[in-house]
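In what comes next, subunit A is part of two complexes: it sits with subunit B in the first one and with subunit C in the second one.
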Partner chain A sequence: MYSQIFRLWMLVALLWVPFLAFAAADLEINTPAIGSLKMTMQQRHDQLAGHYASGAVGLTRDGLIAMRDAALVPLAQRQAVNGLVAAENQDRRALYREIARANGHPEWEEEIRTTFAQRWVQKAASGWWYQNQSGAWVRK
Partner chain B sequence: MILLAFFSSGVEAGQITLSIDDISSPAFHAKAISATLDGPDFSRLEARIGELSLRERTWRKVRLTCVKTQWNNGEIRCDQGELDLGEKLPVRFVYQQQSKTLALTLDFPQGETWQLGAQWGKPGWKVRVEARNGQVMRLAGFLPQGGIRPTAGTWSGSISLDGSRTELGSVIADAVFKDIAFADASGLHAGEKIGGGVRCDVSRRKDGWLWRGEVDWKSGEVFWQPVYFADGGHRFVGQGSLEAGLLRVNQGNLRLAGVGEAQLSGAWDMAGRGLTDFDLKAAGLDLTGLYKVLIKPFLEKTAFAKLKSKGEADLAWRYRDGVTTEFDLSLRAAEFIDEDQRFALHGMNARIPWSNTEERQAEFGFQSGEVLHLALGKTRVPLTMKGWQFSTSDFSIPLLDGRINVDGFTASRIDGVWQWHFSGGLAPVSMERFSEALKLPLMHGTLSGIIPVVSYAGGNLKVDGALLFKVFDGTVVVKDLSLLEPFGRVPRLSATLDMRNLDLDLLTSAFSFGNMQGRIDVAVAGLELSSWRPVKFDAKVASSPGNYPKKISQKAVQSISSLGGAGAAAAIQRSFLSFFEQFGYDRIGLSCVLRNGVCLMDGVEPAPHGYVIVKGGGIPAISVIGYNREVSWDELLERLKRVTQKNVKPVIQ
Partner chain C sequence: MRTLPMAMAVLLAATVSSCVTINIYFPAAAAEKAADKIIDEVWQLKKQGDAPAPAKPDEQK
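Coming up: the complex of A and B.
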C-alpha cells in the first residue's frame, strides 16, 4: 500500500518536471540579438497598429500574426501589409528561438511561443482581433 | 434534352391552364411549372415556376405576367410584362411557335438591359445573351462557390451558345467591361475599377474543345497575392485546346505594360497537377518593371527585396512535367542598387544558357560595383554549369586599389538546398582607401590576406583553416570562423582572433586615442557575435615580446585611464605628471572576459585594490592602474567612443 502511494506521488512529481523546468524560463532575458529584434518589432509596430485596430491583421493562437481580412486594406497597400506581416512573423519566430537559446534550452522554443501567444492577446488593445484556442477569430 | 415528368392541361370557360411537373436539361432544371391564360382573347398570361435552377443559382416562386398578350399566326408577343425573380422586372418577349424562337428583354433602371434570344428544335439549340450596361454582380450566382466573385461593374456585349440535344457545341463571347471589381473571400485576389474587353471563341471538336481568346485589360488595379498591378495596359491573345482535363495554350502572346512582351505556350492540368508544361520567350524586357512587378514580391525575405534596377533582359524558359528543363537568361547594361546601400552592381551583362541535363558555359560580369561602400572594379566571371552544379575558373574582383582573388568557386543545389565553397586571397588594399571607404578614422598600412576554404551549407557559413590578414604592420589570424544563418534575422558568428605585432604608432594615430609607441598582441578567444554584437569572448591585449621603443603620450594615458572610469584620469591630470608629454613604459596589458553583457577586466599584474594596465619603465615613467573589475560592455563601448572621438582634447590643469 505504502509503495503504491509512493509510486503515485512519484508519478505526479515526474509529470510536473517539464512544467517546473519551463517555469524557470526567463522571458525577459536580454541579449544583443533579442534587443535588436525587439527594436525592429517596436519600429514595425507603428506601421501595424492601424491594421490591428481595423481588424485587417489579427493575432494568431501560435504567437504570430496573420492577415485576417485583407479587404479592409486598400488594394494598393495589400502587398506592403503582407510584407509587414511576413517580416513580423520572421522576427517573432527568431525572438522565441533566441529567448529559448539565451535560457540555455533551445527545446523550450514551442512553450515560449505558446506563452507569448497568450501575452500578446493580454496586451492587445480593445477592438483588436485574435484567434481563440479553436482557431476562431474573436474581437477583444 | 427535356424530360417531361408530368404534363396536364385543362380548358375551362375563358381560361386555359397548363401545368408541367418537372423539366430538366444539362443547363437548367425547373419544377412545378404552370401557365394560365384568361381574360379577353386569352390576352392575360400568368406563368409560374415553383423552382428554377440555372447552374449554381436557384430562384423560387418565379412568376411571369403579361396583361396584354398578343396571339398572331403562331406568334406570342408581350410588350409589357413583369418578371418576378424576387425583384420585379419589366419584361418583353416574342415567341415564334413555328421556328421555336424566343426573344426576351429585361429592362432594369438606369439604362441596363439584358436580352435573351433562344431557338431550339432540330437539329439543335442556340442561346444568345446580350447586355447593355449589365451589372456583373447578376452573374455572381452562376459562378462556382468559394472562388472569385464580382462585386461591382458593368459589361456590354454578347455571349452566344449553341449545341445539340445532348451537349454544348460552342461558346462565343464578345464583351467590354467597365469599373469591374472582384475579390475572393480572403481578399488576397482582388481587382478594382477594371476596364477592358474579352473576346473568345470556344468550339467542340471530336475529343475536346478548341479555343481562341483575347483579353484586353485597359485600366484598373489588381492584387493577386503577392503580385500587384497598379494599372492596366496589359493584353493577352492566344489559342489552344481543352481536352481530358488539360487546358493547353498552343500559342499565346502576353504584353505587360512597363515590362514587355512574351510568347508563351503551355498546359495546365485542371485535375490538380497544375502547370505541367510551359514555354516562354521574351526579348527586351525592361528590368525596372520586371523587378518591381514580378520579381520583388517573391524576394521579400531576402537581401534583394529593396533594389533599384535598370537595364534589359531576354528570357527563354522551358518547363516540362513540372520541372524546369532549360532557361536562357541574358542581361544587358543592367544595374542593381540596394536601397539600403549594402551593395550595388553597375553595367552588368550576363548570358546564362542553363540546361538540367547538358553542360553549358555561362558568363556574367559588371563594370563596377560596391559592397558595404567598398568599391568593386570591372569583373568578368566565366561559369560552367551542369544541372544545378556550377563552377568557375579562377577570377578576381578589383577591390579599392587591391583585389579579391577567388580560386575554384563551386556551388550546387542538392534537394533544394544550396551549398558552395571557394578559396582565395586578398591582394594588398591600402588601409587609407579602406578606412576612407568605411568612413573610419584614417588608418595607414595595407590590408592583405589569404582566404582558405570558405564553405556554405545548410544555411551556415564556415571557414576551414585560418584567414590571414596583414594590418598595422602586424598579422591578424582568424580561426574557427563560422556563421550560422548569415542571411537570417539573427546571424551568429563564432571565431578566434590572434593579432600579433601590431604597430601601436600606426594603430593609435588612426584614432584620436593619444600616441603610443610599441607593439601589441591581441588574442580574442571564443568570440561569439549575435546580430553582429558580441555576446561572449575572452580578450587579452599585451605588449608583444621583443625590444622596441615604448612610449606613451599623456593623452593616451588619459584615454586608457578613462576606460577604467573618470576618477583615475582626473588624478593624473592634477598631478605633476601633467608637465610631461610622453612617458616610458615597460608593459601594457588589459584583458576582458565578456559574459552576460559584463566585461570582467584584468591587467598586467595585480595592484592594491586593482590591476596594472600600464606598467611604468624608464624616465619619466608612469603606471596606470585600473580599479573597476566589472564594467558593463555597453558602458565600456561608450567610454571607448568618447576617448577616440577626434574632438576630445586632454584637459591639463
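Coming up: the complex of A and C.
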C-alpha cells in the first residue's frame, strides 16, 4: 500500500520534469524595458549602419561600440556620431542589465555582455570592424 | 520490493538537483539564443517575407 502511494507520488513528480526543463531552456527577454530598448536601438541602427560599413565605428570586445577612426566621418557630423555611439552604449549597458534582472540574476550581467559581444561580431556584416580578444581592430 | 521506490527517489533527487543547478549557473546556450533573437531584431537581419509585419507571431513565446 505504502509503496503504491509512493510510486504514484513519484509519477506525479516526474510529470513536472519536462515542464521544468522547458522553463529553464529560455531566458526571459519579453519585458517592457527590454522591448523599448530594442526599439530605440533598432531606430538608431539606421543612422549607425553606414558608419559600421565605412569603418568609422566598430564593435568592441566588451559588447559595446566605439569610434574607431573619426577621420572617416566628415568633421561636421563627428559630434553627432559621437552622440550616437554614446547613446547606443548606454542602451546596450541597460539591455544587458535588464536581461540579467528580468531573469532574477543581476550577477549574470557580465556574462550576458560577453555573450552579446561574441554574437554582435558573429552577426556583423562583412567589412565591419570589430575588436579581437586582445583589443586589436579587425575587419570582418 | 523496496528497490524500485528507492531508485525512483534517487532519480527524483538527481532531477531536482539538476534543475536547481540550471538555475544557479549561467545558461550559456539560452543566453546565446536570446542574444541572437535581440540582435536579429535590432539589426533587422531576419526578413519575414516582404509583408511589413512588426509583430511576428513566432516571436511570442
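Note that the second predicted complex is superposed on the first by the 112 of 140 C-alpha atoms of A that agree within 3 Å, B and C clash if a C-alpha of one lies under 4 Å from a C-alpha of the other, contacts with A are read in each partner's own complex, and residues count from 1 in each chain.
In the analysis below, contacts are C-beta pairs under 8 Å (C-beta built on N, C-alpha and C of every residue); 3 or more make two chains touch, one makes a residue touch a chain.
Computed from a prediction, not measured in an experiment: that's the story for all the values here.
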| item | value |
| --- | --- |
| Which of subunit B and subunit C A:K38 touches, first, second, both or neither | second |
| A:W108 touches, of subunit B and subunit C: first, second, both or neither? | second |
| First (subunit B), second (subunit C), both or neither touched by A:K123 | second |
| Partner chain(s) touched by A:N82 [first = subunit B, second = subunit C, both, neither] | first |
| Partner chain in contact with A:V57 - subunit B first, subunit C second, else both or neither | neither |
| Residues of subunit A contacting subunit B in one complex and subunit C in the other | 30 |
| Complex contacts: residues of subunit B adjacent to subunit A | 183, 186-188, 190-192, 221-223, 225-228, 230, 297, 300-301, 488-490, 492, 530-531, 533-535, 597 |
| Contacting residues of subunit A [partner subunit C, same complex] | 3, 6-7, 10, 13-14, 17, 20-21, 24-27, 29-30, 34, 38, 41-42, 45, 95, 99, 105, 108, 111-112, 115-116, 118-120, 123 |
| Residue ranges of subunit C touching subunit A (in the complex, touch as defined) | 1-2, 4-5, 8-9, 11-12, 15, 19, 22-23, 26-28, 30-45, 60-61 |
| Residue ranges of subunit A touching subunit B (in the complex, touch as defined) | 30-33, 36-37, 67, 69-73, 75-76, 78-79, 82-83, 86-87, 90-91, 93-94, 97-98 |
